[in-house]
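Paired with subunit B in one complex and with subunit C in the other, subunit A is shared by the two complexes that follow.
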Partner chain A sequence: MNRKTLLVSLTLVSLVSGIIGTVLYLASYFWGLLLILGGAGIFLFSRFLRDKTEAVELLKKSGKSLLIPVAGIILAVLAGGIIMLLTGYDPVRAYKAFFLGGFVRNWHVSVLNATPLIFTGLSIAFAFKAGLFNIGAEGQYYVGTMAATFLGIRMGLPPLLSIPLIFLISGLISAAYNLFPAFLKVRTGAHEVITTMMFAHIARYLSPIFIRAMGGDPATSPHAYVTYPILEGNKLPIFRSFLPLANYRLHVGIILAILMALFVYYILYYTKYGFEIRAVGQNPNAARAQGISIGRNIFRALLFAGFLAGLSGTNQVLGLTHKMFENLDAGYGWNGISVALLASNNPIGVIFTSLLWGALDAGGQFMSRTTQTPNSIVEIIKGIILFLIVARYMYTYIGNRLKRKRGSGPVGREKV
Partner chain B sequence: MESGNSKPVILETRQIVKQFPRVLANNNINIHLRQGEILCLLGENGAGKSTLMNMLYGLYKPTSGSILLKGREVEFHSPKDAIRLGLGMVHQHFMLVDTLTVTENIILGTEPGTAGVINYHKAREDVVALSKKYKLDIDADAKIETLSVGLQQRVEILKALYRRAEILILDEPTAVLTPQEVEELFLVMRELVRSNVSIIIITHKLEEAKAISDRVYVLRRGNLVGERITTKTNKQELANLMVGRDVILRVHKVEKKPGTEPVFSVKNLDVKNDKGFMAVSGLNLEIKPGEIVGIAGVDGNGQSELAEAILGLRKGEAGTIFFKGEEISLLPTKKRIARQISYVPADRHKYGLVLPMKISENLVIGYHDKKPFCGSINLNYQEIDRHSRFLVSQFDIRTSGIAYPAETLSGGNQQKLIIAREFSRDPEFLLISQPTRGVDVGAIEYIHNRILEMRSRDVAILLISLELEEIFSLSDRILVIYEGKIVKEFIPEDTTDKEVGFYMTGGKE
Partner chain C sequence: MSGILSVFNLNLLIATIRLSTPITLAALGATICERAGIVNIAMEGIMIIGSFFAAVTALATGNPWLGLLAGLLAGGIFSLIHAVATISLHLDHVVSGAVLNILAFGITRYLMVLFFGHPGTTDAIPLSLYRFQWAIPGLSKIPVLGPIFFNQTPIVYFSFILVIFFAFIMKKTKFGLHIRAAGEHPLALETIGVSVFKIRYLAVFISGLTSGLAGAYLSIENNVSFTEGMTNGRGFIALAANISGGWTPLGSFLSSLFFGFADALQVRFQIIKLVNVPSEIFIIFPYVATVIVVAGLVRKSRSPKALGNDFMIEKERD
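Up next, the complex of A and B:
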């Protein structure tokens, strides 16, 4: 009994310090990282107390799954360095600036970049689990943005009511935007890659028209077309309101994004809906033979994916921009595909890959500003990382080739 | 051991060892093949038959040991070397291009002609001549997609002969064939042997080993456990060698009177196939509790469409299906499953399992949204795991843990998983299709006994199988299906497989 209370309290302590540490760290209080590490340490310790072998297994497993991504990142950074050397830039100086910018000086920019990516990444990862490629997340993002702007300007309820309502309604409208592609998929088999992509273009180019229709004062923005700002009460709280040293733009949207990732993970692995979606995604025939409706799950997956991508836009408007301006190159939907792939569609993984992507962008900007190294090097590194990690089957192939050379034959998955 | 054949040894392996990372697939295998004989390599799935043949064909390299061809030691680096030295292999899955003709397929890779221009005329003549010589009876100009599976297999054989194969390795050649096609294949094999081609046939079917070979090697878990002259052995002995213990080949079926009221019936059912043709037409059947009704037929005569219609996976065009007096023809699959209709599909990878999902998840799928596995929306993993562990021990599924993906199981254990899931739902009607396809002898015995156990529990069972032996040993009644119709009904004790086979292939009184 005593041991049990100890275990529970250790877990609680690790959880609390992890949460507080994460919030602090995201708000650029770097000592928050110590709290996170401490919490992780305590958690591991409690696991060890409970069951040694299980804890070791856990460590091994997570180590293994981190191996390829980390190796990919290192290789990509090396390749980027070589390119810089060949083109006459100083890689050491550039990378110094890059790291300083991405992870220290402009860390808040990294976090701001990552927030919408987490939502769109989740959207794509979720659809992927059902075997669907929601390539049109970009479009659902714009729908979410437009809905949030409209509601943000017009809906003047108390903040505690108004903000959740705007999130909910904008999300639902974005979900509805996927209704037609889902319907076509189920009824006619029209491929969602085509339909959602086309719908993405529609939404994207609808946005300038929407902005003009909403009207706004061009003097308030460097952009030619802007809407009026949303009401003060509809803005998401900023970190600075409780952590005075945080950057004034940093809003709590990142927390919402992380919570959403946890929620998506929960749905996928702990509910019957997630079970069905995974079954349909991995073998629709077998799922159907067990009475699981493929059509219903396509609807669920695409609509929820639309909902998530819509939240991305809502979050951006309520948290960061507070209005909408003509910006057709945000690309959060497209980049969401990268972060989802990079995380092998694991919702928790999406948090980290989005932060990485955000940091790469922020670091790249800082690097090009301070060292005059072209920002395109960052895009090259991104491409290489994506290639090295997504093409992970390559490693199995190379491994098998090596083993064959040594004369021990190809190694398939071993049967029990 | 000497057979009647005293011709020279053409192929020999000496102390072949093949070590995979965690499995010793072949342990000191010594076999020899004489010219002009049919040698059978018998063993259960995973016994190491295919590994051995893949080494002979240059796909794998042996860890140690040597291969002697006509007395000379050889080393194959790839199948190219093996082909060059006169070996040919016909795989279970054919390597043919559907849209090309027979001739084109045969010359693919060794096109005759000069400077990149193919001499089609010569190629065609060669193919026709070869086909005549070995009495293969193949139209050299037919497109592969228009040929039956049996004929496609002959094209594969012809392809090997065209490359001057003197030794032919056939990997489970009968797995895809109808009984008639099997007979024809055997005729072809005898014809080949007469022209001094030597053949190694890999199989796990005792029948075939008995029917076609001159000599049999039995492999078990990577070891050569026996060599027998076919005429001097029997099926029982071979089965015991294969499994390593005494196997009961004929299941013990107790006399049992079925119930009187049919629990399941199909009336005038019409079902179309994917191409829009009527695959099942005007089909009637009735099954009483505690009765096994076997559907015998050649593959593609409407069996899969019938099964899918019964489960609601395919819409019937006309007709009705009754279960316990209720019409279920219009109910969705989910509701049929909820009424305790269980289904063991023929293709376990396609319809039976979600391979990348956990074993435990596969054990509850279909009932995953019901109590106790699920609350209102939350899955109850404690309960799922408890139930899974129970089934794994109950049905003797060999796993390394229920949290591993179903794809880590061997074929026999995957089938046991499906059987465990379906049989544990207390079905009142059970539809079983091809329950032992690709499953080894030990597991077949086990599965058959489980099916009979369901019968003794008064379950109405519809058994669809392409294996006549299985139909005969399990069924209380046999219905013969031909072109989507039940053409004849038999009681197994009053008929023979010849007679059933006659009706299966469209024979009329």
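Up next, the complex of A and C:
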């Protein structure tokens, strides 16, 4: 066996092991982690065989990019502990319950929480890459939910045809919901933060009308208004159909979300469209000089962002809720902003930050149930994590200050 | 038809003033802040903080005036985070604002649970500032204008004063000139020996004070308690009011009046129950109005040149 086939087969083995391990792990089969780690190990080994220095470089780079997020999370957890201590709760007991709940006992809840977040996070991250802030992803989420509910109730095609169609159509409708903000942005320069935000409020407030029009039996839900459930054939398959120990609510939407993240990554970094969008986001003037149309890319970015946020709602209806109810507190659009910022708009990073956010919520719930520590401490921890990681410049700033004090840094003109 | 027409009366205009007050106050803050070059989309969060601390203080002390002060200061202090993040830490302004909005939600929810044992709404405050409604002798007797402008509650009067005060500051004083310079050409300002950092910090702090006051208005004057989500996007509407008002205090005030009018109209339409139209249709009035105004007016106004740009005097050193 020559060297090349060995390398290729090693990569394939690591890939397959990684995929199977991920699926198992997501379904709370925790030994899947061994497969993931094994896959990663084999992958590194094959890289090492090919080129030593490159592999070391890769390790160093990924270690460095993990440093700030991990430091931010640890600091935020410490700060949260101090707040608990100051307000009279036992942080050790609370955190024990918190991690047990978020990452072990209720891991399926974390995964369920993360699924819609990945889509909305991708939506916001994608728009950010074009220099646009799709702050109204919440609205597009609602539009996607409504479209999916409507189609899910009305469309009785075979599942293999019907589910992709519902995803596509509701995604497109949500994309169309961003048409007007995109148009205004290009034609008049109206800031998308204001227009998409207003559209988000409009969608939220109009959703009860839709729910009542599709009205179901209020006795079937704790919510005041619910729609009829969608057809049986339009529901997404659940993990339990092939992994018997998985939680019965866990649906395959998380896999769709991860695939979508990979797809968005591919678009952004390996296609002409992605290149143009990133060029416009980084330096519009330079992009224009290169003959890249700014207006066209604004349209593309905002419409695709709307599409992604819409898929989030669709995925939620087809996978988890199977109907729509008035739930103005879910806030997947708002939380999508956090996970996108946290991942510094890297589509692959969004998967992990969404899982983290989902685990924080699930862990918080478990913690408040078992130790009576208020769940809402999680909101503060989230805020602190966000702030510590987003304010990256802070670390450079502190580093420079230290250097200057020690006198080894670059010496410039001092302010008099 | 007469049902619709009955809505348009003096009370509608009085309600317009009341509902536009929080938007006016926050829009004034936005004007100062953005003229100094800092984009502030955190006003929604600052309003939440202001309204929460105003309500809690008014509850604890029984004195709404202390509540007002607490809301004002809480807003100002909270806004300093935005100042540190954007001015000293050179964070993107929009990102920092978004984070602060999320943080404000988290803080108020945690404190809600801590103080009251549940998220949602606080207990009702014993004495609302609404009780201090005061008809200015003489002026309030003017037909139409009298009841609209001169028979109002304290923070409403205060917002009128602030509009005039800020318009004066921006146009006529050296400080106003410095603020405008910080937003148009910060380097020039630094060259004449005025610290851009200081001016910008001050501008963000002022916007925090007014937004905090706007929040206090919502919880202890227009209402008797704090409810999560009671700001309802008003911070963003205020931003729109500031932009469509051409980044001037008077313009912001006039746009805010328009948004207040849309809000007042919405409330009335919901009450009179037009035939077979779901009442939610009307809730969206202010939001639709905002989109239309922003779409129509934004081109005519020019934003400060250095708005949203980072200013780093130490650049060459690092």
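One rule holds in what follows: the second predicted complex is superposed on the first by the 406 of 416 C-alpha atoms of A that agree within 3 Å, B and C clash if a C-alpha of one lies under 4 Å from a C-alpha of the other, contacts with A are read in each partner's own complex, and residues count from 1 in each chain.
In this section, a contact is a pair of C-beta atoms (placed from the backbone, for glycine too) under 8 Å apart; a residue touches a chain by one contact, two chains touch by 3 or more.
Just so it is clear, the structure is predicted and the values come from calculations on it, not from any experiment.
With both structures placed on chain A, which of the two partners, subunit B or subunit C, ends up touching more residues of subunit A?
Looking at subunit A, the partner in contact with more of its residues is C.
Determine, under the contact definition given at the top, whether A:His201 touches first (subunit B), second (subunit C), both, or neither.
second
Quick one: is A:Gln282 in contact with subunit B, with subunit C, with both, or with neither? Answer first, second, both or neither.
After superposition on chain A, A:Gln282 lies in contact with subunit B alone.
Where does A:Ser293 make contact in the superposed view: on subunit B (first), on subunit C (second), on both, or on neither?
Only subunit B; A:Ser293 stays clear of subunit C.
Just checking: does A:Arg212 make contact with subunit B only, subunit C only, both, or neither of them? Give me first, second, both or neither.
Second partner only.
Taking the superposition on A as described, I'd like to know which of subunit B and subunit C A:Tyr270 touches: first, second, both or neither.
It touches subunit B, and subunit C stays clear.
Taking the contacts subunit A makes with subunit B in one complex and with subunit C in the other, which residues are shared?
On subunit A, the overlap between the subunit B and subunit C contacts is residues 410, 413.
Which bits of subunit C are touching subunit A when the two form their complex?
41, 81, 85, 88-91, 94-96, 98-99, 102-103, 105-107, 109-110, 112-114, 119, 229, 232-233, 236-237, 239-240, 243, 278, 280-281, 283-284, 287-288, 290-291, 294-296, 298-299, 314, 316-318
Would you tell me which residues of subunit A are touching subunit B in their complex?
Within the complex, subunit A contacts subunit B at residues 270-273, 275-276, 278-279, 282-283, 285-293, 403-404, 407-411, 413-416.
Sort out for me which residues of subunit B touch subunit A in the complex.
By the definition above, subunit B touches subunit A via 18-23, 46, 60-61, 63, 311, 313, 332-338, 343, 345, 350-357, 361, 365-366, 368-369, 374, 377-379, 381, 398-400, 404, 407-410, 413.
Would you mind writing out the residues of subunit A in touch with subunit C in their complex?
83, 87, 133, 135, 180, 184, 188-191, 193-195, 197-199, 201-202, 205-206, 208-209, 212, 328, 334, 337-338, 341, 374-380, 382-384, 386-387, 390-391, 393-394, 396-397, 400, 410, 412-413
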